[in-house]
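Sharing a structure with you now.
Naming follows writing order (A, B, C and D), and every chain is counted from residue 1.
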Amino acid sequence: MQLGLVGLGKMGANMRTRVQAAGIDVVGYDPRPEVTDVASLSELKDKLSAPRIVWLMVPSGDPTRENVKQLADILEPGDIVIDGGNSRFTDDEPNATLLDAKGIHYLDCGVSGGVWGLQNGYGLMVGGDKEHVATAMPIFDALRPEGPREEGFVHAGPVGAGHYAKMVHNGIEYGLMQSYGEGYEMLTAEPLIEDVTGTIKAWTRGTVVRSWLLDLLVRALEEDPGLTEISDYTPDSGEGRWTVEEAINHAVPLNVISAALFARFASRQEDGSPTLKAVSALRNQFGGHAMKAAEH
Amino acid sequence: MQLGLVGLGKMGANMRTRVQAAGIDVVGYDPRPEVTDVASLSELKDKLSAPRIVWLMVPSGDPTRENVKQLADILEPGDIVIDGGNSRFTDDEPNATLLDAKGIHYLDCGVSGGVWGLQNGYGLMVGGDKEHVATAMPIFDALRPEGPREEGFVHAGPVGAGHYAKMVHNGIEYGLMQSYGEGYEMLTAEPLIEDVTGTIKAWTRGTVVRSWLLDLLVRALEEDPGLTEISDYTPDSGEGRWTVEEAINHAVPLNVISAALFARFASRQEDGSPTLKAVSALRNQFGGHAMKAAEH
Amino acid sequence: MQLGLVGLGKMGANMRTRVQAAGIDVVGYDPRPEVTDVASLSELKDKLSAPRIVWLMVPSGDPTRENVKQLADILEPGDIVIDGGNSRFTDDEPNATLLDAKGIHYLDCGVSGGVWGLQNGYGLMVGGDKEHVATAMPIFDALRPEGPREEGFVHAGPVGAGHYAKMVHNGIEYGLMQSYGEGYEMLTAEPLIEDVTGTIKAWTRGTVVRSWLLDLLVRALEEDPGLTEISDYTPDSGEGRWTVEEAINHAVPLNVISAALFARFASRQEDGSPTLKAVSALRNQFGGHAMKAAEH
Amino acid sequence: MQLGLVGLGKMGANMRTRVQAAGIDVVGYDPRPEVTDVASLSELKDKLSAPRIVWLMVPSGDPTRENVKQLADILEPGDIVIDGGNSRFTDDEPNATLLDAKGIHYLDCGVSGGVWGLQNGYGLMVGGDKEHVATAMPIFDALRPEGPREEGFVHAGPVGAGHYAKMVHNGIEYGLMQSYGEGYEMLTAEPLIEDVTGTIKAWTRGTVVRSWLLDLLVRALEEDPGLTEISDYTPDSGEGRWTVEEAINHAVPLNVISAALFARFASRQEDGSPTLKAVSALRNQFGGHAMKAAEH
C-alpha cells in the first residue's frame, strides 16, 4: 500500500510517521526542499502506482483549492484525492466536481487530535462514495486510534459530510473549552478555594465532567499555576465562525457555541470594547455617572 | 401640602426643586449641614403637620434601612413613609412591617429619569395600599412628567411592586443600551460607513429604533466622536444583578439582559479574562498553538 | 420633479402616496395590472424625462437583481436607480457595477418606518456618490420625516453604506424588542405586579427606557392584555441573520443581537429543541433522572 | 473503621455498598423502616464508637439542616459530621457553627458520579479542617475512584469549599451538556450527515472532544436514535442557578453556563415564551407582520 501526502507541516509530518508505522509506503511532497521526498506533484504522481491515493494536508482555502486544481491536471482517472485539512465543507462539492470531470475521485476527511494524534491516533470523519472510502480504508485504519473502528472513524455521508462533521466537532470544542474556562474562573474568584489546580485535578476521575480536555487543563495548570505567564488573547481559526454561520443557515439556536466564539473576539479588543464605550457614554448622559478616561 | 424629604443628593435636590415648583412646601433633611433645612429627623417631623409624608431618597441597603428604623421611632400613627431610592424590592416588606407595627404606612416608589427628571419629570412606579397612594398623589403628580398621569405613573401593586417594576425597568435599560452599543460597534467596524455619528443621528426620527436613549447617544457622539476620550470600563449599580437573580427565581430565560450585565463585568477585568486564559492554555496543550505572553 | 417607482406593495404604495403629497409626479409599475400605472418597465421609462430616477421597492434577492438587470437594458446614461428595498448590502456593489457599465448611476437606500412611514415619514440611510444623492434629494426630502434633515436622513458613505446601515438598524431592533420582551416576561412572572400593562404604560414618559417601540408595546397590550391571542412563533426576515454574519466577518462580539435572533429560531421549533433532548438524555444516563416522554 | 450513614436513597444506598466493600462497617439510618439499620439517630449514635463519623446523604436545604440540628443534640464532642449532599455552600458555615458549639466537627463534601459511582467511584471535593479530613480519609478513600488519590479527591479549602467546588463542577456540567446538545442539533439539521449517531460515536477516541459525557451520549443515541421517545423538557436541580448567582456575586461573566441554564428554563415554557409573544406583537404593530394565533 502506498500514500501520496501533500503538506508536511506539523500535522502532516506526524501523520506520515503514523502511516509509515503501519507499514504503508508514504511519498511526501512539500514546497520546502529540506522536508520533501519529491521535487514536484508530478514526481509524486510518478512514484505512486495506480490507483493512487493522494492526501492533502495543507492550509484550507486557496492553498487547498490550488492543490486540487493541480492534481486534477496531473492525476489519472481512478485515482483518489483526500482533503484532510480543515477546509470549509462548502469547498468540497466544487473540489469533487473539478476532479470528477477528469474521472478522479474525492473524499473529504475531518481530522481531530492535534499534536497528540501521532501517539493516540486521529479521530476521522469522512465524506464521499462508499467504494472510495473502502479503497482508502487501510490509510484510515493506520491513522485512527486503536480500538473498534467505529469509535474513531465514521463514514458520515456524501462529499462534504466529513468536513461538516469536523466543523461541528470544533464548534463543540469551543463550547467545552469555554465551559471549563468559566468554571476555572469561578474557582479563582472564591477565596474559599485554596487549591484551584487540585480541585480541577480531582475532577479527572469519577466525576461527570471528566474528559481529555480536562486532563489537558490540569497539565496546563501544573505547568503554570494561576496561568500568570499568558495573556487572555485567544485566536480563532475559522471553524467556530463557520459553525455559527451554518447555525444561522439552519435556524439552529446556538447560544453556547456562539458565546464561546464571541468571547474570543472580545479577548482581542485591545483598545477595549466600542460597545461598552457607548454604554458608558449613555450612562453618563442620563445619570451623570462618571466615565473612566481612556488611557492614551 | 407638605413633604418631608430625606436625602438631598443629586437626585434628592432636583426632586425638591420640582416638588416646590408645584407649590408644595418641602422640608429637607440631609446630614450635610450646608444643604439641610433641619438639624435632625426629629426636627423634620416637628416641622410637618400630621398626617406626614416623608420621602426617603438615600442610598439603598443599610442607609435606607437605618432611616426607616429611625422614622419608625419618630413618626406618628397615620404618617406615610415613601422609599423613593433604588432599593431591592425584597427590602420593602421588612420596612413596611417595621413601620406598620407603629401604625405608620409605607409606599415604595421606583423613580426613573436621572438628571433629566428635574425638567422632564420622573417616571414613577408605586407599590402599597390604595388609600395611601391616594393621599400621596399630589406629590406623585408634582414629580411625574406633564401629560396623562398613566403615562408617567403607575400604582403597580402592593408593597414591593414599585421597586420590582423599577428593577425590571433598569434590566430593560441594560438590554437597550447594549443593543445600541453593539449597533454602534458594527458601524465603526465597517469602512463603508463614513459617517457613524450621522448614521445614528438619522435614526432619531421616523425609524423603528428611535428612542430617548438614542437621542442621548447622538449627544454623546457629537461631544466626543469616536468616543476616544473614554475607556470601556462600565460599572453596574445593582439592579441589573437583581433582575438576573429574580429571573433565576422565576425560571425566566433572560439571555439578553444577562449578556448585557456580563459585558459590563468583562469590561472591568483589567488583567484579562481568566476564562480565556484557560481557553488559550488548552489550545496550546492540544494543538501546540502559540499563547500570547502576559504583560507584567 | 418625477419619480419612477417599481413595486407597489404595502410599502411601495404608501411611499407613492407620501411622495405625491410632496408635489412629485410618480409613475408606478407593478406586475399586478390592478395597481400599476404602466404596462412595463419600458413604458415607465418613456413616461419619465431624463435624467430619470427609478426607485426599486421589491423583495430583496432575485427579484431586485432581476429588476436591476432589466433597468440596465432599458434606462439611459445619466439615469439613477435607487434600491430602497431590504437588500443585503453585498448586493449593492454588483448592482452598481452592472448599471455603471451602461452609464447609469446607483444609490442604495435603507428605509425604516414600517406601516407608520406614510404618516410619520421614513428614516433613510443612503449609500452612493455625492452628486447622485444631491440629484435625488427632493425624493428623499419627500419621504423623510418632518424636522431637520439630518435627524431622518444620512448619506452614510459609498454604494453599500445605506443597506449596511439599515442592516445594523434592524439588528439593533432585534435587541431592543428582545429587551422589552424579557422585561415584559419578568413583570408577568411576579405576582406583586397586579397591572402589567399599566406598568409598561407608565414607562412611556420621563423614564430612561421610553421609545417608540415601547409605545407600540402599550398599544399591543391594550388590544390584547396578556397577549393571550397570539403564539410566540416569531419569523425573522434576514437582516438579523446578516448582522450576525457581518459581526463574524468583523470579529465583533454580538452577544445580545445574536441571542435575540436565536430566540426567534427557538420559538419556531415546534417539535422541541433537539439540543435539550440531548441534554435530557444525558441527565438520564448519568443521574438516572427521569425523562419526559415525547407527545406523539 | 465505622461509618454512620444518614439517608439511604439511590445515592446513599450505593455509597453504603461501596464503603462496605472497602471493609468499613456501615450503620445506616433512613426514615423508611424497610431500608434502615437502626430506628433513630440516637440508636445510630449508640452503635458507633467515638470518635464517630456520620455522613449525611439527604436532600439539601431543610432536610439537611434539620438533620444537622438533631445531630448537634445527639452526638458528642470530637465526633465528625460530613454533609455529602448537594447543599448550597452557603449552608455550610451555619451548619459548622451550630455543631462547633457542641464541640462537634464538620466537613462538607461534594460528590460527583451519579448512578455510576457505585462501580467507578465518586469524585470528592472536601471542605473543612485538615485534621478532620485526615480522620475521615479512609471513608474518602473507599468512596473515590481507583488510581492516584489526587485524581478523584481534593481537600479544596475550609468549610464550604467542598460544596462550592461541587457547585462549579455542576455549572461546568451544564455548559458541557449544552455544547454537546448544540453539536448534536447541528448534525441533525444537515442532510449531508447520514449517520448522526455514528458521527458522534466516532468522536469517542482520539478527538479533542472525547469525554465520559460523550460516551453517555452515544449510549443514549444507540438506545433511541433520533431521541424520538423523549421531550425536550429539562429540569434543573439548583446548582446551575447557584453558579450563576455566585457569578453575579463575584462579577464573573458567565455567558455559557448561564445560557445553558436559560435553555432549560425555556424548555419548560409549555405555553410558549412570553418574551417572544411580545416580540411578535411588536412586529405586528410596526410592520403589519402577521402574528400566529395561539392554540387554545
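FYI, contacts are C-beta pairs under 8 Å (C-beta built on N, C-alpha and C of every residue); 3 or more make two chains touch, one makes a residue touch a chain.
The shown structure was predicted, so the numbers you read here are calculated from the model rather than taken from an experiment.
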Which pair, C-D or A-D, has more C-beta contacts?
A-D
Among all chains, whose Cα centre is located farthest from the one for subunit B?
A
Nearest whole angstrom, what separates the Cα centre of subunit A from the Cα centre of subunit D?
33
Taking each chain's centre as its mean C-alpha position, how far apart are subunit B and subunit D in Å?
37
For subunit C paired with subunit D, centre-to-centre distance based on mean C-alpha positions, whole Å:
47
Residues of subunit A that touch at least two other chains are 114, 178, 180, 182, 185, 189, 208, 213, 252, 254-255, 259, 262-263, 266, 273, 275, 286
So how do the chains connect up here, line, ring, star, complete, or something else (other)?
complete
Which of the residues in subunit C come into contact with subunit D in the complex?
10, 114-116, 177-178, 180-182, 184-185, 188-189, 213, 216-217, 219-221, 224, 227-235, 255, 259, 263-264, 266-267, 272-289, 291-295
For the subunit C and subunit B complex, residues of the former touching the latter
89, 112-114, 117, 120-125, 127, 144-147, 150-158, 160-161, 164-165, 168-176, 178-180, 182-183, 185-187, 189-190, 192-195, 198-199, 201-214, 243, 246-247, 250, 252, 254-257, 259-260, 262-263
Within their complex, subunit C touches subunit A through residues 208, 241, 244-245, 248, 251-255, 258-259, 261-263, 265-266, 268-269, 273, 275, 286
